[in-house]
Amino acid sequence: MSAVKLRTAVMGATGYAGFELAKLLLRHPKLATPLFLSRGGEAAGHSLESHYPEIGGAESYPQEPFSWELLKPRGIDVLFLATPHELSRELVPEALARGVRIVDLSGAWRLKQDANRAVYGFEDQDAAKAAELDRTAVYGLPELHRAEIRDAKLVANPGCYATSVIVALAPLVRSGLVDRERGVVCDCKSGVSGAGKKPTAKTHFVEVADNFSAYSVFGHRHTGEILEQAGLDAGELIFTPHLLPIPRGILSTIYIGLKKPATPSEIEAVFSEFYDGAQWVRIYGHGKLPQIQYSLRTNYCDVGFQLAPDGKRVIVVSCLDNLMKGAAGQALQNLNVMFGWSEKEGL
Amino acid sequence: MSAVKLRTAVMGATGYAGFELAKLLLRHPKLATPLFLSRGGEAAGHSLESHYPEIGGAESYPQEPFSWELLKPRGIDVLFLATPHELSRELVPEALARGVRIVDLSGAWRLKQDANRAVYGFEDQDAAKAAELDRTAVYGLPELHRAEIRDAKLVANPGCYATSVIVALAPLVRSGLVDRERGVVCDCKSGVSGAGKKPTAKTHFVEVADNFSAYSVFGHRHTGEILEQAGLDAGELIFTPHLLPIPRGILSTIYIGLKKPATPSEIEAVFSEFYDGAQWVRIYGHGKLPQIQYSLRTNYCDVGFQLAPDGKRVIVVSCLDNLMKGAAGQALQNLNVMFGWSEKEGL
Amino acid sequence: MSAVKLRTAVMGATGYAGFELAKLLLRHPKLATPLFLSRGGEAAGHSLESHYPEIGGAESYPQEPFSWELLKPRGIDVLFLATPHELSRELVPEALARGVRIVDLSGAWRLKQDANRAVYGFEDQDAAKAAELDRTAVYGLPELHRAEIRDAKLVANPGCYATSVIVALAPLVRSGLVDRERGVVCDCKSGVSGAGKKPTAKTHFVEVADNFSAYSVFGHRHTGEILEQAGLDAGELIFTPHLLPIPRGILSTIYIGLKKPATPSEIEAVFSEFYDGAQWVRIYGHGKLPQIQYSLRTNYCDVGFQLAPDGKRVIVVSCLDNLMKGAAGQALQNLNVMFGWSEKEGL
Amino acid sequence: MSAVKLRTAVMGATGYAGFELAKLLLRHPKLATPLFLSRGGEAAGHSLESHYPEIGGAESYPQEPFSWELLKPRGIDVLFLATPHELSRELVPEALARGVRIVDLSGAWRLKQDANRAVYGFEDQDAAKAAELDRTAVYGLPELHRAEIRDAKLVANPGCYATSVIVALAPLVRSGLVDRERGVVCDCKSGVSGAGKKPTAKTHFVEVADNFSAYSVFGHRHTGEILEQAGLDAGELIFTPHLLPIPRGILSTIYIGLKKPATPSEIEAVFSEFYDGAQWVRIYGHGKLPQIQYSLRTNYCDVGFQLAPDGKRVIVVSCLDNLMKGAAGQALQNLNVMFGWSEKEGL
């Protein structure tokens, strides 16, 4: 007997994260072939194969123009949005009203505090409804919110940088060991796919290759997510993104002062307990630091650390693939949680 | 006593080749600071520094909007065009009429045969004048046309691929050793700056890195230049460009059948005699093949070769920097020839 | 009821191809956890995890020192050799005598003609036995030798360059369309993992990055395989390898003269018929050329082609991942064929 | 009248820094062709051209085996050591005794404090003499020690990372604005040539490309230099190096807490005054951050900064080319200072 398969739709499957998600959904054993949707413009009608010839074979995976009327007859249970945050902000209220569960890969519904949300400048049609969804949306980091994700109607899939920092930082902050006054420094480096598929001067090969640069200093939009989820105040953390000349991968080097000297085994215990049973976080032993290569094309967030000789400061290094644990892989992990499947299913 | 310096202008100094040229002109000892010109649009008014912060210092090198009225009072002797070929086609007739000598880096004036020119689809306002200039323009490869360049009013600076192939091929074709019926295969590979500064899907870092591809197979516009300058007919040569995941540099692998078996010293003699006294071509000994790294950021075209064991076929490998010998460096070399200076001056 | 799983061993799993194979075997549903073997020296005793931390988790995958006595009690059915060809030459006769089937990833047993084998300079202890194995070994390209692989005791897994060229070339040569006298030119480009894991001046990052070079001109060891399998004589083909500044992937540009003008559909028919039912060769339509990115981390060999306007010459472009279809993926495909499983199983 | 040219020698010109220095010395207008020396082993007798074919032309630049007897008759005024620090430690005392001035590119003579020197484990033959030289050696950062370099017999050329951090940090520390208790975090990223020319697993292309990693956390040897020259105590600074997948270039992101809130113009004034007249430090305005590309193949150290909105913390970003301002370029700048020439001469 073959089980009935879950029906999903993806809007925005031609971007880097969207396409990574499409590939994952297509080979997930519990899912029917997804419906691929696109909002007007040039992408509409274009097949996935026309953007990514390597996907081709018997099937070219056409995208259908988005309309609400499509979702119901197709029996769509879950809609993934790999769209600009403005569009997510617009579509989600109606989708929920129509009974479709959402995993949104944009930044539209991640933030709980008005101050943090301000940076996006959302202009909602129904402000009260939006405010309600801001409250009820679940931040889709399963390692922190597994239970709420299970029943969530709206899962706000975390940012790539944010995932890399929160996974490394939250256990230590919650342990009470961190000297928050000293301030946490998060020096983060990302591959270029994090900047999206649209060609810009910033993503031109000649500008990126043989180069390295910091950007959005004191002003990156993931800062709010990090603060909220790690449980820190604005003045307690600095987050600096940099652009690496590689296609994918993030490494975050996080500098943390401790209230009192700690030993390696104390720190290791904090991580081991926090991530006990977590299938997509790997804790490396003291002094064994992950590299970007180790996590590429997997859904792992790798975490290693090293204590200063005096035990008063610790450097945590975390790595992940920005398109996997930083976007599409995590979205699928969330789907697995939402339906009670193994978090490893299809990953 | 300090000599009066030559006055030059550059139109299009914000593209990759144009900016390389700007840097060369700025440090050439016999030149005054060039006038930088731009045609309307977004570039106008923008300084070179706004595009290339590394050039900055005391001076930001503003671009002035192009107008004919500017050239005369500034006493411009030579105008470099690093512009689209349509614009070169439009500007050159009037520039010459006003007595300004031109070095044009575009493909506008390189071709002698109508059949080859057809691929560009030029639409000239004064067809008779254009045809005259097509005839009198000098193909700016000093190693082949040194004498004509000296007195030329209009120098058509060669294409990057074309330079790399012609330098390697012309001596052998002219020697009569080549079996033209068998056909010459030119398998050429270029870094990304050859595709220009405009961000496109093709130049997006994520599409280029970790990748390699052929393009414009049987249809690249440099084919005509190569045929004309090497002295071959259309059916006698195949030229296939490929895109390398590096910022700059070209390597061409050229497969040539010989009419009868040759020895290494015969081939070496052909090159040595042809390039006797040439300052920007380096001939490597038999079996010593140049690599792209050797010529980067120099004006050299490096040439090496290897004979098949039976002596009937020879592989010639040539390398150059597409922004130097393939564009700006060669333009400056042409200027040096035009004014009787050492070809090494300022390079 | 769970089927009994096949037992395999891998010798040399710490090299790039060997490790790729180890990862594939570990997740193949019909295989037990492989036995990892190593021949003395520094690798012995080292676990796979010590070389590749990313594989780690509960298991570090230790390597055991090779001995014949290990294979029998462990019930090893198939031994994969990812070893230097000298070692393969030494081990295979005894392995076969002991009833273990072999898939050898080295060049030891690929060649049928003495003249081609000479380049390796094999020194066999039992020359008669070796000669017999040279005859009976099956060249492990399933698309050409599927039936013989099924029953083979010794499968000689093809070289990476060779696979890329033979897949593109063999159908056309066998069709009788190729003008063999004119000569086929194979201009091939490979990523660095093809050069092995041993650090050398040639694989130093600084020597490879921003660079590109030809090597082993008129002298690469894969030439013999290509000639034998494509069915050409020595004077009828030139094969030139180049080193690409990317970790993995091969693109071959193959220039073929035709006896008489052909149409795109004729060429397409040749490929379609030859690869009818082949699961790991993708034929792109006329004028649609594969890029290295399309086949990376898959077992596909992608083939596209373009005819000259006069129909007399055709350029075939083929791409594959040198560690997959060019080595480990193909080894697993061969295993699938040997045991009558789907060729897609575990790939 | 042509001035007598200074005579220099270089020991170790085949490494990356040594070769960069060789190229600079060869085109410096006030220097005779340098004497290239090598200490026995495989490099001896090898010409520079055999390592770097691109240097070739009429001259192959042979290396002569090192001996003290060579220096005097050749009239060598200055000896550059691009050698391992153990060898520098051994050669320098005698060189000084023989009246030759030294610019040492190794770490042998940079450190003033015993505690910092301990990490190198020097084993000196004449400990008293070595201790004296430790005291009298001048740290060769002209922006900090211009006057002493002028008369120095022994100039200890700074480390690449150290230069990048000290130039950015020293002015602020000396200004008294820095909250030293809070601790300075230096997150530094370097291209691969900084790891030297010897092929190792760490510099293998496949291990570096598409990757990024931290190393020598809490234990890099440049830490001592940075502390001594910036004027901080060991507990006040963390320095973490990372390996970038690029051939050359360093970017340091430096996080500094301030004693009290500052304004952009206050910070800018600190830098402007400190580097008033400095020809090889470029200060970018507030919020304009340098990128590695800007300084590549120049001797500049570029410095930019951005203040936190509350003015209590500042991020300083500095960039340089590790083979130029981080090694060979700085060595030549030091030579220019030693002989009273313009610091721009030959650079």
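Which chain is which? They are A, B, C and D, in the order written, and residues in each are numbered from 1.
One rule holds in what follows: a residue touches a chain if its C-beta (ideal position, glycine included) is under 8 Å from a C-beta of that chain, and two chains touch if they have at least 3 such contacts.
From a predicted model like this one, the values you see are computed outputs, not experimental measurements.
Matching residue numbers shows that C-D is the pair in C-D, A-C or B-C whose interface repeats A-B, with more than half of the contact pairs in common.
Using CA-based centroids throughout, the chain positioned farthest away from chain B is A.
Across B-D and A-D, it is A-D that has more C-beta pairs touching. The distance from the centre of chain C to the centre of chain D, each centre being the mean of the chain's C-alpha atoms, comes to 47 Å. Note: centroid distance chain B to chain D, computed from Cα atoms, is 38 Å.
Separation between the centroids of chain A and chain D, computed from CA atoms only, is 41 Å.
Multi-chain contact residues, meaning those touching two or more other chains, occur in chain C at positions 209-210, 245-248, 291, 293. The touching residues of chain B, counted against chain A in their complex, run 16, 192-193, 197, 199-201, 203-206, 208-210, 245-248. Considering their complex, residues 182-183, 185, 187, 189, 207, 209-215, 217-218, 235, 238, 240, 242, 244-247, 249, 251, 253, 255, 257, 287, 289, 291-293, 296, 306-310, 312-313, 315, 317 of chain A touch chain D. The touching residues of chain B, counted against chain D in their complex, run 53-54, 56-57, 210, 282, 284, 288, 290-291, 293-295, 297-298.
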